[in-house]
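In order of appearance the chains are A, B, C, D and E, and numbering begins at 1 in each one.
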Amino acid sequence: MSSNTIVAARDKAKKHQASSMTTLKRLWAHSGARIGIILFAVLVFMAVFAGVLSPYDPIKLDMANANAPISLSHLLGTDELGRDELTRIMYGARYSLAIGTLSTLMALVFGVITGAISGYFGGMVDNLIMRFFDVLQAIPNLLLSIIVAIVLGSNWFNLMIALSVGHIAGYARTLRAQILSIRNLEYVEAAKATNCGLWEILFKYIVPNSFAPLIVQATSSVPGTILATASLAFIGLGIQAPTPEWGAMLSSGKDFIRMDPKLVIIPGIFIIITVLSLNSIGDGLRDALDPKLKK
Amino acid sequence: MSAPLIEARHLKKYFDTPSGQLHAVDDVTFSIDQGRTMGVVGESGCGKSTLGRTMIHLLESTEGQIYFQGEDITRIGKRKLRSLREDMQIIFQDPYSSLNPRMSVRQVIMDPLKRSGRFQGKSALDAETDRIMNLVGIEERLKNSYPHELDGGRRQRVGIGRALALNPKFIVCDEPVSALDVSIQAQVLNLLQDLQDQLGLTYMFITHNLSVVKHISDDLCVMYLGQLVETSPSDEIFKMPLHPYTKALLSAIPSTDVHNHQERIVIKGELTSPIEPQPGCRFVSRCPHACKACLQHQQLEELLPKHFVACCRAKELYELEGRVVK
Amino acid sequence: MNERGRDFLEIKDLTVEYTSEGQVVHAVNGVSLKLDKGQTLGLVGETGAGKTTIAKSIMRILPPHSSAVKGGEIYFEGRNLQELSELEMHEIRGKKISMIFQDPMTALNPVMRVGEQIAEGVALHEKVSKKEAQERAEQMLEMVGIPKNRYKEYPHQFSGGMKQRVVIAMTLACNPRLLLADEPTTALDVTIQAQVLEMMRNLVKKKDASMILITHDLGVVAEMCDYVAVVYAGEIVEHGDLFSVFDHPSHPYTKGLFGAIPKLNEDKGRLHSIEGLPPDPTNLPQGCYFCPRCPLADESCVSKKPEPVVVGRSHYCRCGKLKKWEANK
Amino acid sequence: SQTDSTGNGGTPDAGRASEVVVGIAADPGTLDPFVASNTGNIATYQTVYEHLLYINGMGGEPQPSIAKSYELESESNGQWVWAFEINEGVKDADGNTYTANDVKWYVDTIKPLGVDANMEYIDEIEVVDDTHFKMHLNASQIGLVELLASSIKGVVRETYEKYGNEFAKNPVTTAHYQVSKYTTGSEIVAEKRDDYWGENVNKALQAKANVDKITFKIITDATQMDIALQNNEVDMIPSVASADLFDFLNEDDLSVKDGFFADDYLRGATLIMFFNNSENNAFANEDLRKACAYAVDTGAIVQNVLGGQGTALCTVGSECFGDFQMDWYDDEYYGRNGVNLDKAKELLTSSGFDTSQEIRIITETDNTIVRVAQIVDSYLRELGLNPKIESYEAALYEEMCADPDAWDIFIGYRGAGDYLANMWRWTFDQEIRDGFTANFVHDEELQGYLKACLDPNSHTPEDMTKFKNLLNDKCYAYGIFAQKMYVLGSKKVTEFVFAENWSIVPGACSYNF
Amino acid sequence: MYKYILKRLLWMIPIILAVTIVIFTIMYFVPGDIAKIILGTNASDEAYAALRERLGLNDPYFIRLLNYLKDVFLHFNFGESVVDGTSVTSALISRFPATLILAFTSILMSIAFGIPLGIVAAQHNGKWQDTTSMFIALLGISMPGFWLGLMLVLLFSLHLHWLPSTGIGTWQHWILPVITNGFGGIAATARMARSSVLEVIEADYVTTARAKGVSERNILTRHILPNSMIPVVTSLGGSFGMQMAGTIVIENLFSIPGIGQYTVNAIGSRDYYAVQGSVIMLAIVFSVVMLLVDIIYAYIDPRIKAQFEGQSKKRRVKSGVK
């Protein structure tokens, strides 16, 4: 055992030597992630500066100009109520990105809290929490989201909750596993030996060091959440009109799928681009944080 | 002779595992005198680390007593434990996993200082941190570096600094050099010796590297499967190992002396599992001298002055070699 | 055929680089070695010195994407290994040259029965039937002291020492002419290490194979080897006959190494440590790689790369200060 | 389409079975006669069941079916007794005869289940003999008895009891078609019976059997439904959403494209915007309501949301109801012919409404309604109000509507009855909901007029007009549109036949195979 | 092993019990009045009240829960649909095959296409084969399922008339839904397979095998694949759950009579027992699949098998002592 750790430590020594670059630099060096970051930055830019970039109002109707084709004045045409499609896409980015990130964040926070408690205290508490998650995880995520969305009613905050419930268990488990492995690391023991209190150990030593896998997991679940939002909208549990959320746009555009297919294709493509960029960033991040996966 | 600083009596530490109770430390009795270094050697998994951790209360002992400065500390309250912790520290084997990757060198050392409450105010804390860094030989410029930016030797110095921050009397060194390359190992060993000389520290030095242990320790414990099989001043053991296991262990060390190859006692088999072990000598399945009596419980006996061994045949074997027990 | 054909193994000026995150790691820098039949060479050096890389270069199993052999030749039984086709290499690997890896815990395929892992190589190289391969594998197991009825077990059912013995059985199964043992005992306990070393020595002797033993433990070298090569920063800084090197270490680094090891038969006192750290392999110094740490270094060491200097019978050393220094002694 | 040449049974002369595939939007789940109507069973009931009466299209003439005739026998003390005679020799597919006892059994069974609210009006069925019974009603409304009779299904008790649970998937009835295959969630196949009792007796259109095999194919997604017709996977689809209609119409003159056959009707449900009149709500203020009504151009909504395929309303109700009067269209009706923003602003000012206050518009999550809501939202913003749309799925929406604190305006469909008076009753009768209308109006005058409209004896155009005038004047609710629905078929179809709820009766339609 | 399977099966009981309680409780709090849905807007308050009473919706929570648990666990009966009175159990049974077909074919596609794609990508790490297949995979997991479905219908049914657009019946009917549902799975599996193959490619035992002179093909089939498939199997197990959930949308889009369609309808109409029944059913299936995954696991990885059997430790003790 002891001599195995020597080997491991020496291996690690090599790794550490090699990984002198910072995570961010390595992320940027990852070609997929770089494209992802650029795309995502463009999307965020669009979302933030939608008001500046577009001369149109995303909500105000212009019925005389409904279903206008792509033209110079409307770069992506207009929707069935005459609103500029590009403007709605840009404003919609706000909602789609916000829901994706915030619900992931929410799940992350709850997951971290429960996972931390579960992992650190172990025993009965751990057992209870984990068994509860067993139960939650036995129900397919989307179904759970649908049911919760219905119980809570669909405003966008509730929608976020609905989308996050299914993910809590995942984060909690990851964190718990991390804690179980980190808990026995020597620096935690050293902290204990220097009279470090329980909570301090938990939140100063263990949680921050468990974050890498959580972050990777989170970046890859934001896109999942965005897709789930679209699915919910498809079933009729989307965000309230006239809010220009992509999923809702897709679902209402579906009525025009043959008459004016751009109303379905454009939001779909933007969802794909967003999810694609986030997934690439997630891939890059995983590679950057996990030197083992390096080529 | 000075009174022992720390003493373990019939110390036991069992772990519950899915396949049964694991006797990691089983009925260990020994003591360390103030200012001396006690080496603990033994094979991987024999319970060295567990013993060390139990001694300084990082693990709750299952049975037995630990006396620190004459006081039983096995069952003490939280408050007492806090102050006790400042007297007893630990240095770990792996300089890579024993430092929080998210704390800078300064933070690592300052953290226990802050908690001890001995230094009020930022300047006092800073000054003390600097003093310790200086003591363990970390350059000032590395103050704000993070562990991953340091090499193994420096990291190990940081670990030592953290242990020293609380001004302890007793330090458990759990294989502090076995992850280091020889050239760096020498630096760290030198540092540990220097510190002992300066601060009058008492060490319990755990290792499986016998050359290192001979170099650094005054006394020696040899452990086998959770039990103490032999203990004495270390020169004594190296000169005259009494337990068959110790003999095998010592002869197994590859020597750099190319001219006199020493006769090697190669023992068969490997360490067995410490889970629910059979009573009697635990080395019996590998021992070339095993006999019926070995299946009985083996008492640690003082065969030679200050030289204790737990083997019923030790005396016999010793005499076989033509020597006489005084 | 060429005039080097007489030697059993000859490495000439081997240079290997890795690329990692856009940086070039100079892992091996112009290594030359010779080895005769039946000899054992010890390769010692610190972590990252390039020992494993040398061995992998001989086997041509360096990671294909991230590494490149930048120069040099490797002759084995008169053939330039670098020029062989991949198919010919398949014939050589395992059959003529075998390698034992650093960590027995990971060197065995966890989902394959240990016996099969041994038999796999046999079946491949000896062109025998499955049954015969199995028999041969069982023999090998017995030879390394594992009862043959454990043929069907999986690696996780074996202890570390046994795994390492399986690895050894696996590498020796086809009677290789050359054995590359990369720290075969580092992961093992002292008593087990003694068992394994003992066994390896006997087996190699019995099969009359040559061996390159990689280790960082000078004690192991002292017990096992006929020749020693000390590697520092991808370079062989000292090479020679075991006695010659151990009795008269010449390179300051080698001396430092010897000084840093606590000796069993010497008194305590301060150890002589080598100050400083090995150089960063991505950014090697210009002249002598050891000069930043060398107590004897001067201007000339910084600028000029030292040439090997013969200091004894088949004992040479790469140090610019050597003559002067020897003279001073 | 899928005419299969291996036809079995079928018409003897053709030698091959004629067959149509009808798209339906939902699986009925069960064809049991005693369950509440849903999208799925409404579509199939006219094929697999016969009723006492058959009504040809909404507001259409009642036609004898199982029942031969009916008349009001007596009327006293809030009791109306209707005497029915049913045909002799009505037999179900098992050969059992359908008698007046089965009518009684049917009503007695369904009433306590509470799945058909109308059944509450039947006090009892009095059996006279096998072919005669009396229906005792406790109310008199226009069209009520026809409505009831057309919802009583021809099921023989003995047969029903014999089959038990199996009946749900394979009802054995007196109808011309019998289910031959029911694949849950996928399709229901009904085939023509050889031994139909009414071949020479029952002249109701419903009893016609112009095809041998009718397959109801369940297509839950509206877009997919249209695609299925375009793709020839189905022969007829019940109602096409306006947006999709244009795939089937020529762009220039809105005539039906080649290869399709269409019929249209005005949807019985009319879209209405209700103002919350409960005491605490700002919309209890008449001026505010009117301001909103003036600000919303329903004509434009029809153009935009329905592509012109519908009518902007002139009151709460539309011409699809039997007692609607076409001259009402001449009325001036708020924003129907264009927004009158000045007037609206003036009324808004006089209402004293705090315009920063949020106005909650609740709707059902239906793309069409939500689109309307967005337009309303946009108009109200124009007016300077601060509306917010909240859409709820159907189940929740109904509940929200019943909560006076949950909304300010709701937009939803009302109706699906036969007479406007009935629609008014369900919406505005204060007796049904603790003294309030559906939008919490309490208005005795309005109630008085409503009573008059509901009484068959006094149900005169004048009564109706009085009620309408008051309703329009108070602007408790603002009618938006009645949608023109298209029923589409492949070119196989030459004429569509509907039941009283505008569901297609595929067996009765005419074809050109 | 059998003992372990039995234990796991027994362990499913409390899980399913808890799922039942959770879903029952959620459905208890679901707003929306079923009486209104059944009777429509045109009914009197008394009629609503009477219907509620008849449906037993006025009983207190615990009584209803207890009755429900009794039905489910003692009589294996999921009750009757409150909307149309049909047996939920038989509806689920008759709808189950469609969902299974959809989920299983998708999984099969993941295995048949995803794994080879991942292996090829890993073997050509960094080359164009890798980039292309990973881009396709990335695209696959980035596409909303129903959107892809709609696009496929537009292309293959409406424009090319190659495939039926909706419903079931012939095998052609399944093609579009299966592709729609399976594409994401293929993509996810390909990514997973790639990364785990990459991880294993660098493992010491692969280098060892290479050093033994084993041919690249044998290295792949005997050393890399068995080891790298372990994480892939888990991800497949997990993605089975995803596929089951995916069917919710797909079944609605393609009018496939499966559990997903049933569930969504039931939620819409507040058909409590139907929703609860479907969720419990899905949970059971999911648990069984996860158990299967674990068994497959044990089959490919002897270490895990040993863990299950709980014998490895004891065995070692014995052999050590001798």
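Basically, contacts are C-beta pairs under 8 Å (C-beta built on N, C-alpha and C of every residue); 3 or more make two chains touch, one makes a residue touch a chain.
According to UniProt, the chain labels map to these proteins: A, E = ABC transporter permease; B = ATP-binding cassette domain-containing protein; C = ABC transporter ATP-binding protein.
All values reported here derive from a predicted model rather than from experimental measurement.
Colleague: Give me the set of chains touching chain D intersected with the set touching chain E (ABC transporter permease).
Modeller: Chains that touch both chain D and chain E (ABC transporter permease), as defined above, are A.
Colleague: Select, from A-E and A-B, the pair of chains that is joined by more C-beta pairs in contact.
Modeller: Looking at contacts between chains, A-E has the larger number.
Colleague: Counting in whole Å, what is the centre-to-centre distance of chain C and chain D, each centre being its mean C-alpha position?
Modeller: 89
Colleague: Just curious, how far off is chain E (ABC transporter permease) from chain C if you go by their C-alpha centres, in Å?
Modeller: From the centre of chain C to the centre of chain E (ABC transporter permease) is 51 Å.
Colleague: Give, as an integer number of Å, the spacing between the C-alpha centres of chain C and chain B.
Modeller: 33
Colleague: Specify, in ascending order, the residues of chain B that touch 2 or more different other chains.
Modeller: 44, 208, 270-271 - these are the residues of chain B that touch more than one other chain.
Colleague: Can you list the residues of chain C that touch 2 or more other chains?
Modeller: 47, 65, 102-103, 159, 189
Colleague: Quick check on chain E (ABC transporter permease): which residues sit in contact with 2+ other chains?
Modeller: Counting only residues that touch two or more other chains, chain E (ABC transporter permease) contributes 31-32, 125-126, 150, 158, 252, 316, 320.
Colleague: Within their complex, state which residues of chain A (ABC transporter permease) touch chain D.
Modeller: 59-61, 63, 66, 80-81, 150, 153-155, 236-237, 240-242, 251-252, 254-259
Colleague: Along chain B, where are the residues that touch chain A (ABC transporter permease) in the complex?
Modeller: 44-45, 48-49, 53, 56, 58, 82, 85-86, 88-90, 92-102, 111-112, 115-116, 148, 152, 159, 162-163, 165-166, 175, 178-179, 208
Colleague: Please give the residue numbers of chain D that touch chain A (ABC transporter permease) in the complex, ascending.
Modeller: Per the touch definition, chain D meets chain A (ABC transporter permease) at residues 222-223, 226, 241, 243-244, 246-247, 300, 303-304, 365, 367, 370-371, 373-375, 377-378, 381, 388-393, 396.
Colleague: Using the touch rule from the top, collect the residues of chain D that touch chain E (ABC transporter permease) in their complex.
Modeller: By the definition above, chain D touches chain E (ABC transporter permease) via 26-30, 32, 34-36, 38, 112-115, 117, 120, 165, 168, 183-187, 217-221, 223-225, 227-228, 230-231, 233, 393-396, 398-399, 401-402, 414, 417, 426, 432-434, 438.
Colleague: Within the complex, which stretch of chain E (ABC transporter permease) touches chain A (ABC transporter permease)?
Modeller: 14-16, 18-19, 22-23, 26-27, 29-32, 125-126, 134, 138-139, 141-147, 150-151, 154, 158, 195, 198-199, 241-242, 244-246, 248-249, 252, 263-264, 267, 275, 279, 282-283, 286-287
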